[in-house]
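To keep things clear, I will list the structure first and then write my remarks on it.
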Amino acid sequence: MIYFQNDYAEGAHETILNKLLETNEVQTPGYGTDEFTSRAKELIKQACASPEADVHFLTGGTQTNTTVISAMLRPHQGVISADSGHIAVHEAGAIESTGHKISTLASDDGKLTHEQVDAAITDHFNDPTHEHIVQPGLVYISQPTELGTMYSKTELTQLKKVCDKHDVPLFIDGARLGYALAAKESDLKLADVAALCDVFYIGGTKVGALFGEAVVITNEKWQKDFRSIIKQRGAMLAKGRLLGIQFETLFTDNLYGRLSSHAIEMADKLKQAFLDIGISFKYEPSTNQLFPIVPNQLIEQLSSRFAFYQWEKYDNEHTVCRFITSWATKEEQIQALKEDLTTYHLVK
Amino acid sequence: MIYFQNDYAEGAHETILNKLLETNEVQTPGYGTDEFTSRAKELIKQACASPEADVHFLTGGTQTNTTVISAMLRPHQGVISADSGHIAVHEAGAIESTGHKISTLASDDGKLTHEQVDAAITDHFNDPTHEHIVQPGLVYISQPTELGTMYSKTELTQLKKVCDKHDVPLFIDGARLGYALAAKESDLKLADVAALCDVFYIGGTKVGALFGEAVVITNEKWQKDFRSIIKQRGAMLAKGRLLGIQFETLFTDNLYGRLSSHAIEMADKLKQAFLDIGISFKYEPSTNQLFPIVPNQLIEQLSSRFAFYQWEKYDNEHTVCRFITSWATKEEQIQALKEDLTTYHLVK
Amino acid sequence: MIYFQNDYAEGAHETILNKLLETNEVQTPGYGTDEFTSRAKELIKQACASPEADVHFLTGGTQTNTTVISAMLRPHQGVISADSGHIAVHEAGAIESTGHKISTLASDDGKLTHEQVDAAITDHFNDPTHEHIVQPGLVYISQPTELGTMYSKTELTQLKKVCDKHDVPLFIDGARLGYALAAKESDLKLADVAALCDVFYIGGTKVGALFGEAVVITNEKWQKDFRSIIKQRGAMLAKGRLLGIQFETLFTDNLYGRLSSHAIEMADKLKQAFLDIGISFKYEPSTNQLFPIVPNQLIEQLSSRFAFYQWEKYDNEHTVCRFITSWATKEEQIQALKEDLTTYHLVK
Amino acid sequence: MIYFQNDYAEGAHETILNKLLETNEVQTPGYGTDEFTSRAKELIKQACASPEADVHFLTGGTQTNTTVISAMLRPHQGVISADSGHIAVHEAGAIESTGHKISTLASDDGKLTHEQVDAAITDHFNDPTHEHIVQPGLVYISQPTELGTMYSKTELTQLKKVCDKHDVPLFIDGARLGYALAAKESDLKLADVAALCDVFYIGGTKVGALFGEAVVITNEKWQKDFRSIIKQRGAMLAKGRLLGIQFETLFTDNLYGRLSSHAIEMADKLKQAFLDIGISFKYEPSTNQLFPIVPNQLIEQLSSRFAFYQWEKYDNEHTVCRFITSWATKEEQIQALKEDLTTYHLVK
C-alpha cells in the first residue's frame, strides 16, 4: 500500500534521525533549557527576522492550538475561525475544553476574508445584546488551509489590518506552513508571516520531523509566562532537547525549505497526472494537498494499492478525494499512481 | 558536568533508536492505529496479565495525569493525593485547569496510608456540609513516590481495599514504575500493580524511551471513549507509531526490566558511596532516587563537576539533596562521584 | 412606555409577594433544606406525575442550563441544539465555559426534528474520524422555542425515541414552559413533558415569580450528587426558602397554569390586532411570543410609546419584531397597542 | 427552635420587602439596565468614595467569588487564600471548576499576614522550578473572616502594600462586610476598604436583603467586559431590578449600617452571656460570629431549643460552637438563650 493519505505516514528525515543518534548520550537539563533548544530558537528568530520574538517548541498541532488560544483569551472571549478550520472540526473539542467557543464563519475555500472578519466583529459590538454573546477575542486562520489553499500577501495584510483595527490578535496555524511558503504561487516569505500576525507556528510534524511545532510569539503582549501555560497544558516535553535538535536541524542549511519544496514538486506532478486524464479539482491545487474530483469507479480501482482520503461526495458518480504529498514522497510513488491513472483512462 | 539531576538527561536506549531508524520509511496510518502500536499493546497486556485491559500511549507524565484524572471525575469531584504528589506540586495546576481540586493529605514519606484515605473519605461523607465540599472521586498515588519510596504489596492491597469499599477508583502514577519493580525490596510484580488499581501507567520517558507513557486501564468502567479524551487533551501523537515502536522495543526481551535493574544497581553503588563516608538519607533509599543529607561544604565542592538537585534545607549545615540514577547511568559516572566523596571525607 | 419587550419586565404575581411577606420572619435552615422547599418539591412531583423524580430550584435560565448540561456530559461530549437555541446564542458562552461544545443543527422554526437528530448522531459514529470530533452526549431543546413555536406530543415522542435509540439523553429548557402548556394548540400536559425527556425545567422567572427555575430530573441516572453540582456552579441560594415559597405558591391552586393562560389570552388578542390590519407573522404564533413582520414606518411610530424587540430585517421595508405578553400583561396595554395599530392602518 | 445557626435564616428587612411591593408593577428593562439599579450603583460609589469604581450586583457569595476570581486570573495563575477561606473550604470546588488552584496558607485566626503573603509570592518566584508551579495571581481575604475576626486598617494597608509590590491584586470577600464595619473595634470605614483593595464586595444576603452581593471594582484594570463575564457565569439576574431595589434601599438612610450595628449589639449581649458563665472563645469575638468553647453537656441541653453549629472538637468535654446573630436577631431570642445559659450555670 502506498500512502497519499496524509503527510505523517513516515518517521523523520534521515538528517534529523542521525542528529538524534549523534547527540544521544549528551547529558542536558530538561524542559527545553538545553543548548540545542537555545540554538534552534535563535535560528528560527533569524529566519523570521524577528529578533524580539519568543519561540517555544511543542509536540503536536492540537496541543499547540489549544495552548496558544487558551493563553490569549479572557474567559468571555471566543475565537473566530473558518468553518473548515481544524480547531472547529477535528480537535475533539480541545478549544472548548479550555472554556472558549469557536465562532465559525462560512468559507468555500477554507479562507477567511478581511471583509468577513470585519463584519463579524463590527456586528458583534453593534448588537445591543452583545454582552450576552461570546466576544470575538482572537482570529484563527491556517496557512495553508485545511483545503490546500493559501492566503496571498495582500490577503494576509488586509486581514491583519482588520484585526489591528479592532484590537483583536491574529493567530496562524502553520501545521503545514512550509508547504505554503514553498508553493509556486506563494508571495509570502517566513518573515512576512511573522510580521503579519501576533502568534503563529511552524509545523515540524508534517515537514520532516518526528514531531514538533515551533510557536513564534512576535507580539510581546502574549509572551509573558508562556512556559507555565505550556507546562499546565501537559505540553512541555521532559526531554525538550528532542525538539531543539530537530528544529536546529530543520533550520540549518534550509532543510525545512528544501523538504517543503520537494513535497510541492511531487504535488505538481501528481496534479498534472490528474489533469492529464481530465480530472479537475474541487479546491485550487496550490500546496501539497490536492482535492481531485474522482470517478467512483476509479476510486475503487485505486484503493487496492493506494491509501487516500475520501473527503466528501461530489455527485452520484464522483467523490472529492484528498491526496497528500510530503517531504517523504518518492518519485516512484507518484509514478505508480500515474500509471494507474493512465491505465484507467485508456481502458475507459 | 555529570548529571545526577534527573532521569531524563539523555536521549533513548540505542535499541530504541535503532528500531526507529530501521522502521523509518515504513508508511503507517496515524494516531496509534498502526501495527507497531497494536503489537506494543499486546505485549503490555501480556506483561500485565490483563488481557481485558485497554492500553494507550501518551507522551509525558503531566499530560497523562491530566488526561486520566479528568476522564475519571465528575465535575464536583476531586482527587486525593499525598501533599508531595507530583500533581499537587509540579504540574503548574494542570489538574485544576480541567476543573478539579486536588485534596492533599499530609505525608512524611510520599505515601498515603489506607487508614488516611479511609478516614478522609469517611469524614467527607459524615460532614453535614459535605454537599458544599469537593467530593473525593479518585485516589492518586505514585509508585515509586516522588521521594523514592515504594508501596509494598500489602500496603497497595490495603489501599485498593479501602478504595473499593468506598467505590472510589485508584490511579497509580508510574512515571518511574520500572525502578520500583526492579528495586531489591520490591515484592510487587507488574501484574500485581495491574490487579491492585483501576488505571495506572508505565513510564517510558524516564526508563529508556525518548518519551512515552503507557496507560493501562484495567477497570472496564473507565475504558469507554478514552481515545477521544486523549485527542481532546492534545495528547494524541500524529505519528503514534513512535510510541508503538518504543514500547514494542521496551517490552521485547524484557528491555524495560533490564534497564530498570541497571539503574537500581547504579543507585545501590551510589547509596553505598554515601554511606561509606557517613552520610545518611532523609527518605528510605529504595529506588533510583536518593535523598542524602549532605554537608553544605560538600555540596559546594561537588557542584563544580556534578549536577544534582538541592531538595530542601535540613539544618544550618546540611541540605537534603536528590541524586538520581537511570538506565543511562554509567559505572564511571558513579566512580567519579565516589572519588570526590572519598576525597572530601579524607580531607575532612 | 409600555413593555412588550420581554416577559420579565415586572416583579412577581402579588400572591407570591404576599406569601414572601407573610413568611418573612419564619426562621429556616438554608440552601433549600427548609419545609417550604420540601412542599414545593412534592407539589411539582405530583403535577408531573413523577413521584420518583428529583426536583431542584435554581435562580435563572442560563444558570440552570449550564448546571444541568455540564452535569450530564463527559469531557469529550457536546450538546446538540438548534442553531437558534438560547444556549447557542445568548448565554455568553456559558456552556463552553464548562468545557463543552454546542453542536448546532440548522432550524427554520426553532425546533429540531427527530430525523435531524437521528442523522446527526448516526453520521457522527459512522465518520471514520469520529474520535477526533466532539461526541453528541445530550440533546437540548426548548419548549416553547425561542421563536415562539412548540413541539407537539407526536414530535416530542419521536425525538425521545431517537434519543433513547442512541442512548443520548434529552434535556428540555422550559424557561417559558407554562406558556407552551397553556397554548391553545398544545396537546402536551406537564406529565407528558416529564415522561418524554430525562431532565427538564419549569420556568418561574417568566411566569409570575420574582425568579426561579424548577429542575425536574426524571431519569434516575442523572440524580446523584446534583446538589453538589448546583453548589459548585454558584447556583445554590442561601435563602433557598425564597424559591420554595415561590414554587409552592405557583403550584397551589394551579396559579402557574392560570398565569400562563392569561398570557396566552393576551397574546391571542395581540395576534388578532396584527392580523386585523393585514400584518402576518414570521413564525407560527402559538405561545406568548409573536414575531409580526412590521412595516418600518409603523415601527418608528410605535417606538415612542411601546418597547419591543426588532428581531431581524425582513426586507427593505419590513422588519421582523418580537412582541411578548406575560402573566402581567394588562388588557389596557393590549388595547393601547391595538389603537395605535388601527390608527396607523386608517391613516395609511 | 430559635436559630443562631447562620445569618440567613429569615427573609429580608421589611423596608426592602415593602419597596419590592411598591415597585412591583413598574415595568423595566432587564439584566440590571433599569433605573433602580443605576441609582443603587451611584449610592454605593458615593458610600465608597469611589466615583470611578464599577459596581455590579450578583446573587450570592459563591457565585460572586467565582465570577470575580476567574475574571482576574490568567490560566496558569491561582489565588492565595487562608486555609479557612470560604473558597478553600465550602464552595464545592467552584474556583477550581473555572480552572484555577487555590493555594492555601495556614492561619490560626482566619487572617493572612502581610509577611506570609510576601514570603509566599517571593518564594514562588525564587523557586528555580517556578514555571512548573501555579503562579500566585490574586490574593483573597475575607473581611470579616470565616472565624469572625477582622483586619485592622494597619493590617489591610500592609497587605495591600505587599500585593502592590508584587503586582498581584487583592480581592476582599465582604459577604459579611457590614458586620466588620459596625464592629466596636473596627477602625476601617467602607471608603478605606474600597481604597485598600482592587475589587471587593458588599454582602447583602447576610445583611438584610433577600439576596444580593454588590461587587465594587475600584481598579480600572479589572472593569472591562465584566458584565459579559457575569452573564457567562449564569450570574446575571433577568429581573436585575430586584438587586437594584434592594441595594438602593440598603444604601438609603444608612439602612445597611443600622442593620449591621444591630447584629453587633446582639452579638455583644450574647458574648457577655457566655462570659458571664465562664465560657471563653476560641477566636476573638469581634463581629456577629461567636465561637464559644461549650461544654458538651450544655450543647445537649441547648440543642432542644436553639439551632447553632458545632464547629470542631475542642477537647473530650468541650466543643467549639458557632453562634451567629444578624440584622434579624431579636432581643427576646438573646434573652431566651441567656436564660438557658444561666440555668445551666446555676444547676451545675
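What to note about this one:
The chains carry the letters A, B, C and D, assigned in the order they are written, with residues numbered from 1 in each.
Just so it is clear, a contact is a pair of C-beta atoms (placed from the backbone, for glycine too) under 8 Å apart; a residue touches a chain by one contact, two chains touch by 3 or more.
This one's a predicted model, so the numbers in the text were calculated from it and none came from an experiment.
Traced through touching neighbours, the fewest hops from subunit B to subunit D number 1. Centroid distances built from C-alpha atoms place D farthest away from subunit A. Of the two chain pairs examined here, A-D and A-B, the one linked by more C-beta pairs in contact is A-B.
Between the CA-based centres of subunit A and subunit C the separation comes to 42 Å, rounded to the whole angstrom. Per-chain Cα centroids separate subunit A from subunit D by 50 Å. Computed from the mean C-alpha positions, the centre of subunit A lies at a distance of 34 Å from the centre of subunit B. Each of residues 75-76, 91-93, 97-99, 131-132, 228-229, 231-232 in subunit C touches at least two other chains.
Interface of subunit A with subunit C (complex): residues 75-76, 78, 89-93, 96-102, 129, 131-134.
Subunit C contributes residues 1-3, 5-6, 8-12, 14, 17, 20-21, 23-30, 59-67, 91-94, 97-98, 205-206, 210-211, 228-229, 231-239, 241-242, 307, 328 to its touches with subunit D in the complex.
Across the complex, subunit A meets subunit D through its residues 31, 70-71, 74-76, 98-99, 131-132, 135, 225, 227-229, 231-232.
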